[in-house]
Amino acid sequence: MFKLENPYALRRGRVAKVIKETENIYTFYIETEEQARPGQYNMLYAFGMGEAPITIASMEGEYLVHTVRAVGDVTRHIDELKEGEILYYRGPYGNTWDIERAHKGELLIISGGLGLAATRWVFEQAKTHHIKRLIHIYGSKDYHSLLYRYLYEHWHSYSEFYITLERPDPRWNGRVGLVTDLLREIELKEDTVVFTCGPDPMVKACVSLLENKGIKVYNIYASLERHMKCSLGTCGHCMIGPYFVCKDGPIFRYDLIREYFERKEV
Amino acid sequence: MEVKGEDEGSNYLIDLDSLVELFGILSQRYRVWAPKVKDGVIRYMPTSSFGELALGYRNIELPGYYELKKEEGYFTYTHPVNSLKELLHPPELPLMRVVKQSSELLFDYTMPNGERLCLFDVRACDLWALEVLDRVFIKNNPKPDPYYKSLRDNLFTVGVNCSYATSTCFCTTMGTGPEVRGGYDLLLTELKEGFLLQVGSEEGREVIGPLKKRRAEERHLQEKENIIKRTEGMMQKDFHRQEARERLYGRMDETYWEPVGKRCLACTNCTQVCPTCFCFDMVEKNGLSESYRVRAWDSCFSPSFATLHRFNLRQSIHSRYRQWLMHKFAYWVDQFGTYGCVGCGRCITWCPVGIDVRQEVRRIVQA
Amino acid sequence: MKVNIEALTRVEGEGGLEVRLKDGRVEELKLRIYEPPRFIEGILRGKPYHVIPDITSRICGICPVAYQMSGVLAIEDAFGVQVPEDIERIRRLMYCGEWIQSHALHVFFLHLPDFYRVPSVIELSKMDRELVLAGMDIKRAGSLIIQLLGGRTSHPVSLQAGGFSGLPETLEGLKEDLEEALEKSLWASKRLKPLNFPSFELELPYLSLVEEEYPVMGRELHFEGKTIRAEEFKEHFMETEVAYSNAKHGLTRKGKAYLVGPLARFNNAYEKLSPMALDLARELGLEPPMNNPYKSLLVRMVEVVHALERAINLVENYTKPERTKVDFLPREGEGYGATEAPRGVLWHHYRFSPEGKITYADIVPPTSQNQRAMELSLIRFIESLDELTERKILEGAEPMIRNFDPCISCATHFLKVKVHV
Amino acid sequence: MKVGVFKFSSCDGCQLAFFELERELLELSERFQIEYFLEASSENRWERFDIAFVEGSISTHDEEERIVRIRESSKYLVAIGACAVSGGIQSARNYENFEELFRRVYEKPLGYGISRLSRPLSDFVKVDLEVRGCPISKDALREILLSHLYNKSPNLPSYPLCLECKRKLNTCVVVAHRQVCLGPITVAGCGALCPSYGRGCYGCYGPVEKPNLEALLEGYKGLMPSENIKELLRLGFNAYNPNIRVML
């Protein structure tokens, strides 16, 4: 009998750096030997609380980058981690953005709120791919919630990077409005490939707009969020139609999930 | 499912004394679980002697109804009320113990013990259910589950062909029975003259080595065929499963599901008694300085099952029923290349308000 | 002078005490039970008989088994149900569990802090951890019995008219726990012996059940040398309402106070105690007549030892009955049931319609029977004080009340003390 | 952390859960200071409480005022048990003629500020956490106390009793023994005690959120007339639970 690896086994990673993004969102740089790909996620563990799936926002050298918003038990405790402390996690899980699809073409990324964490890495990698036009629309609730401010300059340097805030702010002289408002204004080619991650309603609204613009639904990819307990395709919580978001996703070609995603209570 | 060799030399006829002897050999080699009568029902339970077996009983099952009667013969009932999921995917299984020592955590992963276990008297539907679970947890899973596997690897199964089907049985509809076609180490069929004993594995062959037995003859095998045919005849074909599956995908609209949503209690019973429903929750059981991570049965009918941002995506009961039925009869095939239902009928019998999944499939598909 | 204890503490339920003093004498003393009435008897009316054990147990979370058992006996009395001996033995075992856990709770958690002059068991554990832990283990042993037989310690679920809805196959491991508790009880009792028990004598008639063994349940009561049948209870005793309290007062028909509970049982049935309990009583210097309520603490320990010894015996002989419950049909009739709750006689009386609906319900709990006795003791205690100061009264009144282990939840079906001078 | 334990109309059974903790009570008492707990201590201080555990239903005018004072003094208010969460057995009276009921038990005139209805705390104040059960289990109490130490939300079930019943590998008493069981619409947490002891659940943990009562009445028709099941619910200690009172 061969011994199986225990997929529930947790690994330790030292927190090398912590960046405070907003009041309740922190970015952690974790020392790791892991290999991962953009779009994948890890299960982060907090003692006595349980686990939460968290996107790998990026890999910088030996550092895993995680951005965590404290909303509940696990995430609140993760956010209390200090430099030098240990994060316990397992992963990476899930699939990756199919960036090859955009090879020599146009790539549009749409990120809503914390969804930016899921698109950041592929966006960074897109720089090194042969992509003719790289557009990134990032919608944030308000000025407070803006993530990764320290990266915008760099992002601007190689892409059309737009930010829109839902709520105006005296410190903000950029765009105010919904992601869809911004999207409406942008000229897109019909074979543009779209990557998106954000709240379900935002994704739905963007897709319908993109379709109106003639974009093919099979060129749209969405990274979904669902309740997850195991990340191994066995706990059943994350199912959407025939798919397990944890292992078949979290990224889906939209035409495959549309029937389930757009329907109430599936 | 792999059909282990069924060459001529593997068919024997044994009498009652030999059957008793066989049980004795099994109990010496393994810890044995077998059907016994408890609380007025037949259950798989640890069994140490032949006399404890639920032989000579008949289970009468209807939607939301169960009754036991005495019956002439031995293997005169169908499957027990509990399923083998109980053993391989226990209701509460601690996956690890975590101890906090200052700021460090120590993890102690406790694999279930690898004791050899014999399941005596497993019917076709339940053997299929094992195959289904195998695919979910190991065979079709890129990250096979070692907890499940360590329990699974230690099973020795003695299958039994059903000579009777109760009104809730529909294995023929799901294509899983009543004939046991594989996945067993030994297989029994109760005949007029005795018991047909067939060997399905090397281990099975070894076990029956010392047993007093004789070669089965053609007429014995013929009788077995007849019994299976007769049992098949006791079940009606409820629907064409493949056709049903295809049509179900076109029946996602809530209007199809609302009628059953009105009748369903969302009590979770169907998912719990089902031999293949695998959904679970991870529960942290905390003490002052240690914490256990426990895998515990959950259900898509639970009110917090599909919670996103403190909100259950499936608020209505009919949407939960849809998730369940669609999973069993449609999605599962995409996921694991088999139906999630083996037609055992447990969910029908054990629904406190007697909802019959066959009827619901038919209603929805025909609508 | 007026002394007022707004809320009595370390008793079950809520009540208060109000005392008015004049010229060194108690002019008026009111033990007020302001725990709101919950109308259990009223609610029962018109309901099917089988709800009795579940509902009456909710009168008191500390002695639910007593309520269930008295209720069940009354139902069986009315419908002419005879339970076989094996079921009866298991009932007795369950009852032992209640005595053990309730007595241990009272002795160690509620009463003992008085003798150590600390406010609570938590403080007590800082002074004598070993003793408190022993108390907890004793209590746990009692709880365990009820839990095994009935699912949970408070409001167990299995006890029904005719027997049990279900029972465990075995009671594995229980005997060892009981034996350990027995050892600890003997040890703890010896630790309690040298405590300072104020000398105080209360001479009141004692009422308890009488049966072949030390009384737990039965059809007859023992009072002032007479035997009274359960159905004659109301011919000899009455419940009266007093304006200041939500609990009724139990008195003899002649209007006299009497006492139920451990002292009553001890005095009426001393010779029926188990051998170890008798030895312990002797060692503690207890023998009837025991009229000092303070020493009820020790008597409770004697009863704990008795109950443990009895329980061990019953556990040793435990086998799950073939049928855990006998079948019966309801019929029109009247039934009485009385058992010895930890705090004393608990009497139930019902009348049923032909379909088994309750047409009349009357429950007399021990605490209401003891209320008058408590008031008398308080008056005696206060008048015997050398110094009639508010502080002295306040200091002594509550411990005096606690001697009686009053269960106010039962009685409303108490503790603030007010003293007027 | 400062803890207060309070009692209203009830049987004391839920408070007992503190004593049931036994040894753990002593360990936990190092982290929690019990400031007010009449049944446990003769020294009680009413200042500010980090956690107030409240047992019992509100059934007198006096109690209505006291619960408001407790709320004002407490950061986190926990309703413990069927009385506090749903009105308790005494709320069965909410469905009866109160004057008559009173006369059945007492001869003295109506009064004493006793309310006609026995009501849950949530009818009067904001409740931060409801702990089900008649009585609550010590495990639930331990989970709440530990959760405060861990700074997490307590993990108390919201799923129906049937799930727990099956996790305990019980045989369903409805199907196998034709007993009425309220398990399908009752919240889990007790350990499925009644079915484990061969009888149907009588609902002491109270209804799940949005119980499908209609379906239950319809489905159990062969076992018991609807009116009797409703009566069972009215006597199930949770009759006045907001999730069910409108249906009774």
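As written, the chain order gives the labels A, B, C and D, with residue 1 at the start of each chain.
Going forward, contacts are C-beta pairs under 8 Å (C-beta built on N, C-alpha and C of every residue); 3 or more make two chains touch, one makes a residue touch a chain.
Worth saying up front: this structure is predicted, and the values here are computed from it rather than measured.
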A-D against B-D, pair bridged by the larger set of C-beta contacts: B-D
Most centrally placed chain - per-chain CA mean versus overall CA mean: D
Chain whose mean Cα position lies farthest from chain B: C
For chain B paired with chain C, centre-to-centre distance based on mean C-alpha positions, whole Å: 51
Distance between the centres, which are taken as Cα means, of chain D and chain A, whole angstrom: 43
Inter-centroid spacing, chain D versus chain B (mean Cα positions, whole Å): 38
Inter-chain centre distance, chain A versus chain B - centres from mean C-alpha coordinates, in Å: 39
Of all residues in chain B, the ones touching two or more other chains: 284, 286, 298
Residue list for chain A, restricted to those that touch at least two other chains: 48-49
Sites on chain C at which at least two other chains make contact: none
Each pair of chains that touches, named by its two labels: A-B, A-D, B-D, C-D
Partner chain B, residues of chain A touching it in the complex: 1, 3-10, 47-51, 71, 85-86, 88, 225-227, 229-230, 232-237, 239, 241-242, 244, 247, 259-260, 263-266
Contact set on chain B toward chain D in their complex: 38-41, 43, 64-66, 81-82, 86, 91-92, 262-269, 272-273, 283-284, 286-288, 296-299, 302-304, 317, 349-354
Touch list for chain D against partner chain C, complex: 7-16, 19-20, 22-23, 25-26, 29, 34, 37-44, 59-60, 63, 88-90, 92-93, 96, 101-102, 104-108, 112, 114, 118, 134-135, 137, 190-191, 193-194, 196-199, 202, 204, 231, 235, 237
Residue ranges of chain A touching chain D (in the complex, touch as defined): 48-49, 72-73, 76-77
Partner chain A, residues of chain D touching it in the complex: 150-153
